[in-house]
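Labels A, B and C are assigned to the chains in the order they are written; within every chain, residues are numbered from 1.
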């Protein structure tokens, strides 16, 4: 977050990419795209492109991580070297490790882990093209992949970010807005209860701006949730 | 919070979290929250005989006592064999559940890694671990043919209404076929007959939910 | 299917089918699975391609960055190949540092491209002895159903074929130009299954075959790279036969590659 306000990211209520402040970028979700994984999802969000794959429940490796009374969710988020303009070295870095960890925590809230003692549910998220909001895209894709794998859950988890550019609170920052904006707030919720399972804030917001940002991101999540449902219905040839 | 409210509760495609408005008792694929019943998986609901179930469209095999299954040996121990049955965890076959007299430490001579058996689930405990038995009914080691794996949720489709689909395949390919509830299927016969039966079964697995599947399989078997 | 176990029965069945020139999925022993190639989908990469070989899926991204040339070739660009066995591609792909399998794979694909002189390294010189282009070939395996060697080589070739050198972004000149490609190495991988040799093994076939042989040819029918892997053996005649078969069978892949040239 540069926080610079001399770059005009929003003019007369219209953003650089033509969107209104409360508009999401275009999202496309396809479930069941991989053959090996028990469940999978391919998601495009603006120019973000993410694959998510799930294996399990299965025996927990390494053994010492296994829990006697429930399953653990082992989520891993990585970005391909070519996913960013400035090639990224392969492997996990601190940012990816942090995201992997908080995503694991969030899913352990909704996945019915008590049904599978000593097991592990492996969630792998691969970002192959990144344009801001990748952790939200990855988490959303992972939710769909978990459902596609038949893993029992209390609900799916849509994730969406809001932020602030040129003193205006907006939904779903694109790359320029993320680089030059003043705040970035990724959010993930449980649609049926509204509970927040992931929330981070980078930048600065007044209390009023925070409430507005929260509301915008929540609405974004609900819109996303509708698309997630459609993706799963389509992959099973039915309508729910 | 969510806009999803009641869904009619029989033969509907439901998603995790969907509310099931019914007085029936909760069965599988269901969870309770604040006195209400919700689906926990993607699947078709079935509200019959006072029970509401959601049949998951995906998922590893969940062993049930009495299920006939095909198992593949993945490890041998001094008095047991560890068997892959396509479930979350491998199953155990204890030497006392086979009709062999197995000297301690000599298990591999009777069933080696990679060998397959037609057996039955005879125990599932509260912690979720399960055991199989080679002593029941026609349980036996398999010596010929091959094994094809399908999604366990597609097993009813492979069998067909009153066995119509599987009979169709058997007759048109002159093969012996035994279908494990775990989605592992044994096919025996001549090489090319097995290949045709395998193709039919794999097609059913791929297109289980599509229309006109029976016609498609009939056509495929005419080859 | 989730489980990796292959029964000895399946092994016997596949071996006897192979003796009759057939495979469990209905193919002939010298037949490739269906190929699908798409290119240019990754905007952040200088070139990209997604290849489906049967159910195996590999995504390749090309990045070009400015670096220093090697001391002994001051006028040549350089290249580096990496392969990522993404955990979502296969239950047995554990996250962690690259294992022998991944390293062998990237080295074989790298050799196929490098030694065939597919990339015109001389055209990548910006300032002799000081600045050259480095081509990064990053292969991302998304779904493993066998024969990653051929799928990766094809994905790399397809991605390189639509790569634009980012001159403008890096201030080298005022126009981006297409990366010059000299030839098209196509690799064919064989497996020894019982007494038979099969082309383009699936992962089930890979788990029962005893030896593997990969050979790459260019469009003139000349060999560019070869590698034998696993701990079994091929007979001398089998190797010669495989090389002949490769030249005859690689058309399918070559046509698919030509198809995306536009």
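Everything below uses one rule, namely that contacts are C-beta pairs under 8 Å (C-beta built on N, C-alpha and C of every residue); 3 or more make two chains touch, one makes a residue touch a chain.
Worth saying up front: this structure is predicted, and the values here are computed from it rather than measured.
Visitor: Touch graph of the chains shown: is it line, ring, star, complete or other?
Guide: Shape = complete; every chain linked to every other.
Visitor: So which one's got more C-beta contacts, A-B or B-C?
Guide: Result of the comparison of A-B and B-C: A-B.
Visitor: Between chain A and chain B, what distance separates the C-alpha centroids? Give it in angstrom.
Guide: The mean C-alpha positions of chain A and chain B differ by 33 Å.
Visitor: When the C-alpha atoms of chain B and chain C are each averaged to a single point, how far apart are the two points in Å?
Guide: Taking the average C-alpha coordinate of chain B and of chain C, the gap between them is 37 Å.
Visitor: List, in ascending order, every residue of chain A touching at least 2 other chains.
Guide: Expected reply: 38, 58.
Visitor: Going by the contact rule already set, what residues in chain B reach two or more other chains?
Guide: Only 60 qualify.
Visitor: Quick check on chain C: which residues sit in contact with 2+ other chains?
Guide: 2, in rising order.
Visitor: Any idea which chain C residues touch chain B in the complex?
Guide: Interface residues on chain C, with respect to chain B: 1-3, 5-14, 16-17, 20, 22, 24, 26.
Visitor: Across the complex, what residues on chain B touch chain C?
Guide: Residues 60, 72, 74, 84, 86, 112, 114-116, 142-147, 149-151, 183, 186, 191-192, 194-195, 198-199 of chain B touch chain C in their complex.
Visitor: How about chain C: which of its residues touch chain A in the complex?
Guide: It comes out as residues 2, 41-45, 48, 55, 57, 59, 61-63, 65, 82, 84, 86-91, 94-95, 97, 136, 138, 140, 142-145, 169.
Visitor: Sort out for me which residues of chain B touch chain A in the complex.
Guide: It comes out as residues 1-4, 7, 12-19, 29, 31, 33, 38, 40-44, 56-60, 88-90, 127-128, 153, 209-210.
Visitor: Note which residues of chain A are touching chain B in the complex, please.
Guide: Per the stated touch rule, the residues are 38-39, 56-59, 112, 116-119, 147-156, 190-194, 222, 225, 229, 232-233, 236-240.
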